[in-house]
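Just so it is clear, A, B, C, D and E label the chains in written order, and each chain counts residues from 1 on its own.
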Amino acid sequence: MARVRLEHVSKHYDDVTAVDDMNLDIDHGEFICFVGPSGCGKSTTMESIAGLTKPSEGEIHIGDREVTNLPPKDRGVAMVFQNIALFPHMDVYDNISFGLRLRNYDKEEIERRVERAAEIVQLEGMLDRMPDEMSGGQRQRVAIARAIVREPDVFLMDEPLANLDAKLKVHMRTELQRLHKELDTTIIYVTHDQEEAMTLSDRIAVLDSGRLQQIDPPLVCYNEPANLFVAGFIGSPSMNFAEATVTEDSLSTAYFSLAFDPASVEAVDVGDEVTVGIRPEDIYPGRMRVEVEDPSSLISTRVDILEPMGDEIFAYMLLGERRTSMDQSRADDQLLMSVDPDSTIREDTDAEVVIDRGNVHLFETASGEALAHGLSPVSADLETETTADADN
Amino acid sequence: MARVRLEHVSKHYDDVTAVDDMNLDIDHGEFICFVGPSGCGKSTTMESIAGLTKPSEGEIHIGDREVTNLPPKDRGVAMVFQNIALFPHMDVYDNISFGLRLRNYDKEEIERRVERAAEIVQLEGMLDRMPDEMSGGQRQRVAIARAIVREPDVFLMDEPLANLDAKLKVHMRTELQRLHKELDTTIIYVTHDQEEAMTLSDRIAVLDSGRLQQIDPPLVCYNEPANLFVAGFIGSPSMNFAEATVTEDSLSTAYFSLAFDPASVEAVDVGDEVTVGIRPEDIYPGRMRVEVEDPSSLISTRVDILEPMGDEIFAYMLLGERRTSMDQSRADDQLLMSVDPDSTIREDTDAEVVIDRGNVHLFETASGEALAHGLSPVSADLETETTADADN
Amino acid sequence: MSSETDGASDDTGPLARWARNAIHNPRRVYRALFYVAMAFFMVTTVFPFYWLLVLAVTPQGNLLSGSFLPTVDLFGVRGTFPLPVPKGFNPTAFVTVFEQVPFHLYVLNSFVLAATTTVIVLVVASLAGYVFGRIEFPGRALLMLGILAISYFPPAAFVIPLFQAFAGNAPITIPFIGVPLFTPPRLLNTPGSMVMPFSALFLPLSIFILTTFYGQIPDGLEDAARVEGTTRLGALFRVIVPLSAPGVATAGVLTFISVYNEYFFSSIMATSPEASKWSPIVGGILSYQTQYTTQYNLMAAASVVGVIPVVVLVIIAQERIVSGLTAGALKE
Amino acid sequence: ASMFGNGSDTGAQVGESESGGTTVVWGFDATVAQDHADQLRTALHEKGGLSDDIRVEFQPGQPDSGKRRSTYNRLLSSQETTPDMFMMDNGWVNIFIQRGQLANLSEVLPESALSTIENEYFGGFTETAIDPASGDLFGVPLYPDYPTMLYRKDLVEEAGYNPTEENWATEPMTWKRWSNIAAEAQDVSGVDYGFTTQWDIYVGTACCTFNEVLSSWGGAYFGGRENLFGPVGERPVTVDSDPVVNSLNMMRKFVHGESFGGEFSDYGGGFTPTNILGWIEDSSLAPFIDGNAVFHRNWPYAINQAASEFGDDLGTMPLPYGVPESEAQFPGTGGSTSALGGWHITVNPNSQKLDAVTQVIQASMREEFQLFLLEIEGWLPPRASLFNSETAAELEPAGDYMDTLRVAGENTMARPVTAVWNNQSSKIAEQANRAVGQEVSSSEAMATLQSSLEETERNN
Amino acid sequence: MSADTTSKPARESRQSGPVVGFLRWLENLSDTQYAYLLLTPVFVLLGIVAIYPLLRTFELSLYAVSTDLSNVRFVGLDNYVALFTGEKNRFLPGGTTFLPTGLDAANLLDSALVITLVFAVGSVLFETLIGLGQALVLDQDFYGRRWVRAAIIIPWAVPIVIQGMMFFLMFDSNVGFATPILADLGVVAPTNTLNDTVSATFIIIVADIWKTSAFMALLILAGLQSINRSLYDVARVAGASKWQQFRYITLPLILPTIGVAVLFRSVQAMRVYGIIDTVSSCTVVPSLSCMVVSTFNTHEGTSAAIAFVTAAIIGVVVMGIILWQGEDAI
């Protein structure tokens, strides 16, 4: 019913290409998250789907209709805008019921739906407030309510939860999932919160500079990023990268090397320049080596900075000689690892770490394309489970 | 120098009390985060400090001056507004340099500072764009840049990173910390991102319904929440709560009980109604019992829903008979635990879990006040380390 | 500290004290400046109106001779009081204006004409203002200049051909060629013959005003309305117009007042200055003139009466001229 | 063709009344139409003997004469059928005649009516309704209007004069004598002004006050009375001539007390305020009514007002003169001169009811009706005979002043209305005003005027 | 193509039929088509009531018509040429010329063009300043604001005839109390004030300022009120003084409105007629519109030519204003 297809959609502004040859095929009832760095074209893509921006090229289909030239009102979409865009001259009730009133729903039905929506976004007592009498988060909730009362075929939500506190976010997420199931609608969702993207979406579409980089289920994106960009973008804190050269039996980076059989990956030959990607949670303190399924050899590092996050601690480990971190991201001689809060790790002490080889990612340095996810085990140990999982 | 003090500040709107008898004493050079649910009065408090809202009662001091009646321009504050509020008629350069131009800085100085700020917020090539030609995140970055060029005594930042992607957020956070050190300013910061609050702030001020609930260093708030509200608010996912009755030797909830010596906590007597709070990361699969420092007895549950987050999995465990979750938060018969992504846990299977008694929190149910953080060990095991840490 | 200030203030005058306070508290200066400005504007705008009232209550016979400035004799010092006061008091002028002519009918005519025109102008100008303010299209600047150009012409340049067309006695012919097209219906002495030219002539101003205001409404709000299910026109009338209320109200007030007081066209399209022929309020006011005499007091009284509906309207309309209409709408 | 051809009757507001009679619409004076329409209508029937089949509807015109002219111009240019007849200012009837926009009454009116007009009406007045080229009549005089000098009998008597004995009411005096009286009476009585008149820059100065003064000095705009109505371009312009300059100098003497090297030394002077430079009829009348002036020049309407204020203390006299007719430099000028205003009845050539219209006109020509107008509106009858009638003499207050009015009516000077009069009148008024305002000398002003009038006379 | 779209089932809408079809057709128009469609009412109205008569009038300006209407001659642009060569001055009231005949004060003040420009510059300049001041005052929040607003707007509600009457009587030679006061200050001539070109022009400018400042104030006020208030918050925190807030926020944001106001006021001012006619006369203060009106009944061709020349002059001035305001004024 409400399958959404973008075919070669581009949008050029004077000197900027906001969306670049975008092809998307979103199934009816799917929940898709758009993620990508600021300015990568997420909102523009949403607006093209809604009919607010006319693509410079390409076609958009919703359901079985080509809607490229259809006005927004005939596309059956509801949208939560990134800039919220409440009607400032209407109170909350009128804002929420706007779309229903346009469609001449009868009064009781409107009232029923508005009340239900207000309940969902927890704005029960505020229906007669004006937008300028509300806090930022309250306004955003009105915007969400305005979209959900409509019960459209397609929901477009541009960072709908950005201004909500963590608890409310969790609540709203649950509600959105429930709505998604209940209404059986397609949802396209922009978020900068990876947790949100992970928990909510059926598939994540990763965008960069107006181009689609990968569209896959969350764990696939996480575990098998299609390229360096996706690998670096998905996951917080970000994946550790290290330039490496392929030798006969290992990947050799400036500071450590990982046992590796070049023959196990087709596209890799000895001498190739590759980039190794390791997620912080795939690095373990040396003492836990036994628990790691496919551990690398021990790597000696020095604990630079500890960032306790409550439920975990981010530890910045320095490789090699440098003794103080300058830039925490993508410095080649630094590894970020996540450790248990109960860990006894201390800043400015030496520590040995071990890497879970089964979760190491390999990218072609030049193109950034992924070459392999997980190095094949050197020992005769079991296959790593996770990677296998994600393949399904 | 730029100590910020609020004394009995209240702000009443017609029918709403946005800020209620707020007392704050923020030291020079401190980095304070305001957190709290949407609509709790964070922005209003910020606005009172900036001088944009006149408090209905109370006094505000900045440095050694009482500023309650001073206009904003004489308070030496810079602010990033929650609603961004760029000047629509100025390009990015003019927006950023606005405050400097007002102060008649010379041209080169302005240019230097603007360029530096643009670099920090990664907007280098966009200085001649108009606000309406930018994406949401880009606009927000302009707003940040506009504040930081000023180098004021006090920074007020109202959700400055809400619309930025994770990577940029991390980058901006680092930059803010650097700036904070470099300029030696006081920063008051509103965020809904707990990770942000944890990593950035010297102290976190937790607000609810216009009232200050707790102001303490992040880990203190996390580990020793002053009351039920803070406990439930800080930490994501939220703490598990269970109503319990104090018996001779245990805390007995509807579905499980924890060994407990009422004598160990002064304010608790046998028969009291208390609320037990357990963080998801303090619940472990039964098989890990040996690793937990002060484990409770095994509790049998059923895995209801799994939410894989990439670096961890949230598992919703049902206690008792109910076999499907209805509302995930604060349902008494449900425990949320966080498990390792490599874990083999499966939905709809039975599982036994164990709770780290050393990290269990105890609250008076009626008032919500915290009674104890960590139950004293029943066995002769070592003191739990973490709790001890946080006490310093 | 406070005693210090007190001590210092003892030996200085209040002005110096005020000045010193003012330096420390510039808000007082702004406040003072503000009141000075307000007083100035009030006096300058209200004084001539007061003068009108003086004229209205001065008996006709006393109007044209003798000074309006009374001489006052204050303890032997004679001087001229600098404010004009009525020479005699004859408020019956306010009754006479209705007795001599059916002045209320003229007022009504003006009101109806003005209201109709205002509605037409606002609707048509709203469409145009939307187009010019919010849509980029080829020919936009040229068209706007063209519309503006209409208002360059002295009204006299329109009148003869329009009058002949509205008389409906001869067919309209194509200019320069002379090919007859059709005979228009007779509109003279009907509201149509006035409303149409008024609408056209006051349209450019409203178009420009509304273009400016509609252009300033953020796209986001229109977008939101369209996604919610309005057409572009729906968004115009449901969102853009209400949010441009200050502009719309202003355009409305300006148009209404202009038409209400218009005389040139109406004096021509009404073939005689009778209320029954839709002669407007100024027609009524001018009927207190005869060939050699002018009853200034009646004209003044009549215009005071005539101004009242406008003032009421302005007071109502200005409720719409309020600030912060877009507050809270957008985060950007 | 028929689709377009009969356009002229689509606009016709058919005037058949319910009773089957005809309704004639008459464009009329606004005030009168508003206040006295019913009386007028009744009078037309009862005093004018108009048939009951014909109903006259008075349509008020614009109060301002110029605007009314524009309106009628437009109506006639657009082939409007109503009003059927008009009341037209003699100041612009001629232009409508020139444009061929009026019905030729010589063809429409019965011979009897035409001869009545020719024989009984004031010739000078009727002339303004006649096409100078063909001699055809295009308007029937309704009422003439000409000014007299009003004065305060009590004040001049106080100064030692005896108006009644000296027969001021009918015997014109010279400006010289008059000015001395005015100056003296002002002195003696201590009133503000000796004389008030109109000298604003407006058509009234050109057509009337200045025209009177210069004519009374034997001067003329266009070389004498016979050139008043043209032919434009062929007649001489004679404003830069001694009589005209003298007349202006005399006005300056009155206002400023200037002596001009003794030429006006035996004239009274300085008794007229500079205010006259901004005065039109009612502003100059007000001080007189207020008792602040001895003499005042104005139209008959002012007599009514002044009489109600001063009663028997109000006197009237013909306007004084500079040189007698015999000594006038230009033919037909000199002696006491009153400017000629007044209104004619003209007929819309598009009217569909010419028969009814002629009946209305004839009704309005009846003496009874004219006396009725004199009584109710103060409109002077267009025929001299009525001035002496008993009915007229009995009228309050006009009856007391009929003598003066009759004399003045015999000494009128029409305004030189031609197609170019419009251009000329503003130039004349401007220069007359500037001269008396001492901005330029009288001769300079007239020299300037001479050349610009010559310009306007050129090819049209 | 449009038939295609209409024939598709209207899946969403509850009604169907021609209205829906039309609306859909409407929404599907390209921006340009849509723009022109929405402008049709404007075109129609202006076409009938403005363009057609203007063409007619222009046609008229190409003919010479003798006063007796018997001789109608096509003369091309002769009327225009004659206007510029001074040939037409004789039809103008009093000593008025169209272009100044010399550069001394007297000649300049006789020129309709000069008077018109002087009036326009004087009145628009002061009206803008005063209107801006009034708008700024009205923009403040204070007790009784609505009454002050109404009071300030009153002058605009007074018909021109009455406005003229008020100022005429203020300077009337009998009762005008303003003449002696201003004459003492040397501002106006003590006698014959309203027939003195300089004084009368001054008085008319003052009268116009009195009345039309309200127009400016009203428009600028609307502009002020449309400014997003949160921008002031930002500016205040950034350290802007009141003046700087005005300079950097208010002024640039109301500039478009001021632009419209100045534009239209300039146009109106250059067409000034009514107030001249009621306070003084066209002979004394000859404006271009005065010239149109005074030749209107007798010299239609000339009148039409002056009207078009007036429009052209205004057009030139307007282009100047637009260029001065910058490209985006339109």
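In this section, a residue touches a chain if its C-beta (ideal position, glycine included) is under 8 Å from a C-beta of that chain, and two chains touch if they have at least 3 such contacts.
Computed from a predicted structure; not experimentally measured.
Participant: Quickly list, by label, the chains bordering both chain B and chain C.
Facilitator: Under the touch definition, chain B and chain C have A, E as mutual neighbours.
Participant: Supply the minimal count of touching-chain steps required to go from chain A to chain E.
Facilitator: Each step joins two touching chains, and the minimum needed here is 1.
Participant: How big is the gap, in whole Å, between where the Cα atoms of chain A centre and where those of chain D centre?
Facilitator: 96
Participant: How many angstrom lie between the CA centroids of chain C and chain D, rounded to a whole number?
Facilitator: Each chain's C-alpha centroid was found; their separation is 40 Å.
Participant: Starting from the mean Cα coordinates of chain A and chain C, work out the distance between those two points in Å.
Facilitator: For chain A versus chain C, the centre distance works out to 58 Å.
Participant: If you average the CA atoms of chain B and of chain E, how many Å lie between those two points?
Facilitator: Centre-to-centre distance between chain B and chain E: 60 Å.
Participant: Mind pulling the chain D residues that touch 2 or more other chains?
Facilitator: In chain D, 70, 283, 286-287 touch at least two other chains.
Participant: Residues of chain C touching 2+ other chains?
Facilitator: Residues 63-66, 159-160, 218, 231-232, 286, 324-327, 330-332.
Participant: Going by the contact rule already set, what residues in chain B reach two or more other chains?
Facilitator: Only 71, 82-83, 85, 136 qualify.
Participant: For this structure, enumerate the chain pairs that meet the touch criterion.
Facilitator: Going through each pair of chains, those in contact are A-B, A-C, A-E, B-C, B-E, C-D, C-E, D-E.
Participant: For the complex, give me every residue of chain B touching chain E.
Facilitator: 47, 50-52, 71-73, 77-79, 81, 83, 85, 87-90, 98-99, 101-103, 146, 150, 156
Participant: Within their complex, state which residues of chain A touch chain B.
Facilitator: Residue positions touching the partner: 13, 16, 35-39, 42-44, 82-83, 133-138, 140-141, 158-159, 162-171, 174, 192-195, 198-199, 218-219, 222, 232-238, 279-281, 293, 307-312, 327-329, 338, 341-342, 344, 385-386.
Participant: How about chain B: which of its residues touch chain C in the complex?
Facilitator: Touching chain C: residues 71, 82-86, 131-132, 136, 139 of chain B.
Participant: Which residues, counting only chain D, touch chain E once they are in their complex?
Facilitator: Touch list, chain D to chain E: 69-70, 73, 95, 98-101, 200-202, 273-275, 277-279, 283, 286-287, 419-420, 422-423, 426-427, 429-431, 433, 437, 448, 452, 455-456, 458, 460.
Participant: Can you tell me which positions in chain A touch chain E when the two form their complex?
Facilitator: 65, 69-71, 73-74, 76, 103-104
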